[in-house]
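Pasting the structures here.
In the two complexes below, chain A is the common chain; its partner is chain B in one and chain C in the other.
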Partner chain A sequence: MVGIIIVAILAIGASIGVVTARQPVHSALYLVGNILSLALLYLMLKAEFLAAAQVIVYAGAIMVLFLFVVTLLTAGKEERELPEDLPGQRIVAGVLSGLVGVVFAVLAIKYPGPVIKAPLPSHFGNLTGMGRLLWGPDFVYLTAIAIMLVSAALGVMVLNPPRKRRQIEAGDSEQQKSQTSPETAKKEREGTG
Partner chain B sequence: MKASVGLLPEYIVGISILVTMVAAMIRPHGSTLKSWIALIGTLGGLWATIDLWTKPVHPALFFNQSLTVDNYSLFVNVLVLIAAGSTLLLGWSGEREYDEFPVLVLISALGMMSLGMVANLITLFLGIEVLSLPLYVLASSHRNTLGGEAGLKYLLLGAFSSGILLFGLALLYGAAGTMNFVNFASVAHIHSPLLAAGLMLTLVGLLFKLGIVPFHMWIPDVYEGSPTSVTNFMAFGTKVGAAVILLRLLAYGFYMSGPNWGPVLGYLALLTMIVGNLLALPQNDLKRLFGYSGIGHAGFLLIGVAVHTAVGAKAMLFYLLPYGLAVIGAFAILTMMGNKESITIQDLRGMARQKPWAAALFIVFMFSFAGIPLTGGFVGKLYLLQAALFAHQPGLAIGLVLGTFLGLGAYLRPLQAMFRTSPGESNLKGWNVGWGHVVVLVVALIGTVGLGVYPTPVVHLVGQSANFFWLH
Partner chain C sequence: MIYTNWVVALAGIIFAIGAIGVMFRRNPLIMFMASEMMWNAAALAFIAFARQFHDMNGQVMAFLIIATAAAEVGIGLALIVSVYHKRHRLDIDEISRLKG
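Moving on, here comes the complex of A and B:
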């Protein structure tokens, strides 16, 4: 119990750091801290596979991507914040969300949920157990997430189309009915142009 | 019943998603094959739904009690598939510039269909996300400033509301110890503050999707920036999905604790009806006007949930149909006015003289929105009024009437503009009518007038489908 409280405080502190840090790199590093403390929480709840996946996928892969983007986008740029429309809204929002958090914490401590005294199912938390769940009774959730990922991939295609298609669009809007100009046709034949 | 029978509409739509994607890949840019496949998939889903309806359907649970198929979910399927089909038809020529449009519409429709048959908390969240993710993309698919603003606003606010929803669901699970709505019914009478907190956060997430007043800020901007056919989908489909999951969660999962959540929703409904219709009054952009009026209609829908009776559930479910038909009709006329960035009230000037038929249809749909007799909107509002009065909630009834009057003012402004003669050149230059528009208009007109003149058969069907909970 004490361990969970310590890790929870770490996680909350790190997530506050993500929001309040001035530099994007610092935010990203705070996020690593948050992810690692979440992984510790999973470990304490005997979900070893989730903990390992959390570290490998989030702290390993996604954070590297984040840092890469941060260095690419903000290199040599001095970020100046725009003036706010509502002065002091961040402070008010922070105080209010802190209040809500305290209320929830008090509620959770005062009125805990029902204690489930069932023994852990076999293979709980490891790869076998996860696989049996995901490819057994929970397969429909896996399908839904697969569909979500497909729509995310399609979204990338729509919002950031390949250069060839962008050229076609530009040609379409310039000359609605006429045939594609020889230049674009040539570029198309050559590939990306 | 086997899953392959009970979930046949969803399977058909799912398979047509994949086939449409393949068609979009292998056919050259601008081919209509993918739209045809998507349309056939939608009609196939509709056929399978009607086929299931004629069989004696008993509520059946699938996939470890995560999905329910009953008359309620079948009725939702019909609504969603009408929305998806009309969106495909309205975007037939305008959205040709990107090939993924039909695929994204179908994915979002699949999410809405699954929201009709949600039976546990995980499918609730996944359904909301499958619904929303394609819409974020579709909203920003016009690459201009307004489109980008719409997409980013929708994405950020939607992500926040999803986070709040997820937190609420986690608290619900922690307080109740179960994920299934069926088991909620037995624990939900315990007055646990943690359960109440979880329910409150869950409701915030769902009411955001429905566009209820404290959480309505995104609607006008997103509607304005999205392509018109996508706005049509959001105005009809998203409202259907959010309203039916709200009804299912509260009237089925939490039917014992109605006195706790009923008054909250009642006050929100009152606020939404007044504020939404009031803000619709000064709008000049037609899409913004429909956005604010959609907020007002969401308030009307919320009456049916808030009164927490079988009559209320039926009234809400019925109201979705005339509202949606009026939406698809009105948006069909808007898309016929050409591929403009924004359509203002001034653009309608002289329409009654130049395009009398389209003007007449527009008047019918506007009357249905406003609730004039002999249109479906009137019958829907009548049932909602009846539900509010039967539940001894005169405040809701007064709010409904007041909101209707305010809305009438908002809907009469474009009609007034149509009868003004326009000086100089015509505003209706980009006027184009495709066969898709005609099909949508015919369906919307028959539905709107039919529901207004002879609503009995549909009322009977709605009565069957709203019987999913054990209030009586």
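Moving on, here comes the complex of A and C:
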């Protein structure tokens, strides 16, 4: 129980850090702390395979991608928060979300649910148990994940085309310049650049 | 002995902090990280319930969440980068009009 309390305090502190950090890099590092403490919690809940997957996929792959993009886009820049378009939106949103969190927590603590006395089934949470489910009754989920990952990779390639194709598109808009007005051609060139 | 209800309460608190982050911040990168935190809280709740009911289907769902989060991060960061290439500013209101 003491371990759970320590890990919970770490997780909540790191998540508050993510929200309040001024620089995106700091909030990415706080997110790494949050993910690692959640992985510890997974270990305590007898989900060994998912703890390993969390560390490898989240703290390894996803956070490296985040840090790449953060350093690519915000290097040497100071974030300035602009005035809000909707006045009072932050206060209302904060109060409502805080209320939702308090209600979640109170309901979860108030209704603990049934306690199963029987010992855990064998291979609970380890690689063998996960494999038996994923290659057995839940194989359709595994197929869906495969399709989703491939389509996500294709989507990223469509969203950020390589430089060569962008230049060809820019050349096309140059040719259209004679037909359309110069202002729209300029807009198109900026849009593709 | 692990008190599952306290773990679920922790998941709810982290979810709410993530929601506050999504609505408070204007930087799309930080909003995105806060939404990652919300995914993580949902996975934590799934795993806690899997432990409580001795049923590994919850862990399969958490695995699904991790894989979906990986795909979602790829798409989302590609969107943020392409919007930044066009507007040269990191602000979520840049895409409020959805017109290139």
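For the reader, a short list of remarks on this structure follows.
What we mean here is this: the second predicted complex is superposed on the first by the 151 of 193 C-alpha atoms of A that agree within 3 Å, B and C clash if a C-alpha of one lies under 4 Å from a C-alpha of the other, contacts with A are read in each partner's own complex, and residues count from 1 in each chain.
We take it that a residue touches a chain if its C-beta (ideal position, glycine included) is under 8 Å from a C-beta of that chain, and two chains touch if they have at least 3 such contacts.
Since we're looking at a predicted model, the values are computed, not measured.
Once chain A of one complex is fitted onto chain A of the other, the partner contacts of A:Tyr111 extend to both chain B and chain C. Once the two complexes are laid over each other on the shared chain, residue contacts for A:Met148 go to chain B and to chain C alike. Of the two partners, chain B and chain C, it is C that touches more residues of chain A. In the superposed model, A:Phe139 makes contact with chain B only, not with chain C. On chain A, the patch touched by chain B and the patch touched by chain C overlap at residues 104, 107-108, 111-114, 116, 138, 141, 145, 148, 151-152, 155, 159. Chain C contributes residues 1-21, 23-27, 29-30, 32-34, 36-37, 40, 43-44, 47-48, 50-54, 56-57, 59-60, 62-64, 66-75, 77-82, 84-86, 90-91, 93, 100 to its touches with chain A in the complex. Of all residues in chain A, those touching chain C in their complex are 1, 4, 8, 11-12, 15-16, 18-19, 21, 24, 27-28, 31, 34-35, 38, 41-42, 44-47, 49-50, 53-54, 57-58, 61-62, 65-66, 69-70, 72-74, 79, 81-82, 85, 89-90, 93-94, 97-98, 100-102, 104-109, 111-116, 118, 120-121, 124-125, 129-130, 133-134, 138, 141, 145, 148-149, 151-153, 155-156, 159-160, 190-191, 193. Listed in rising order, the residues of chain A touching chain B in the complex are 103-104, 107-108, 110-114, 116, 137-141, 144-145, 147-148, 150-152, 154-155, 157-159, 161, 165, 168-169, 172.
Interface of chain B with chain A (complex): residues 14, 17, 21, 29, 62-64, 66-67, 97-98, 100, 103-104, 107-108, 110, 114, 122-123, 126-127, 129-130, 133-134, 136-138, 140-141, 143, 151, 171, 174-177, 187, 192-194, 197.
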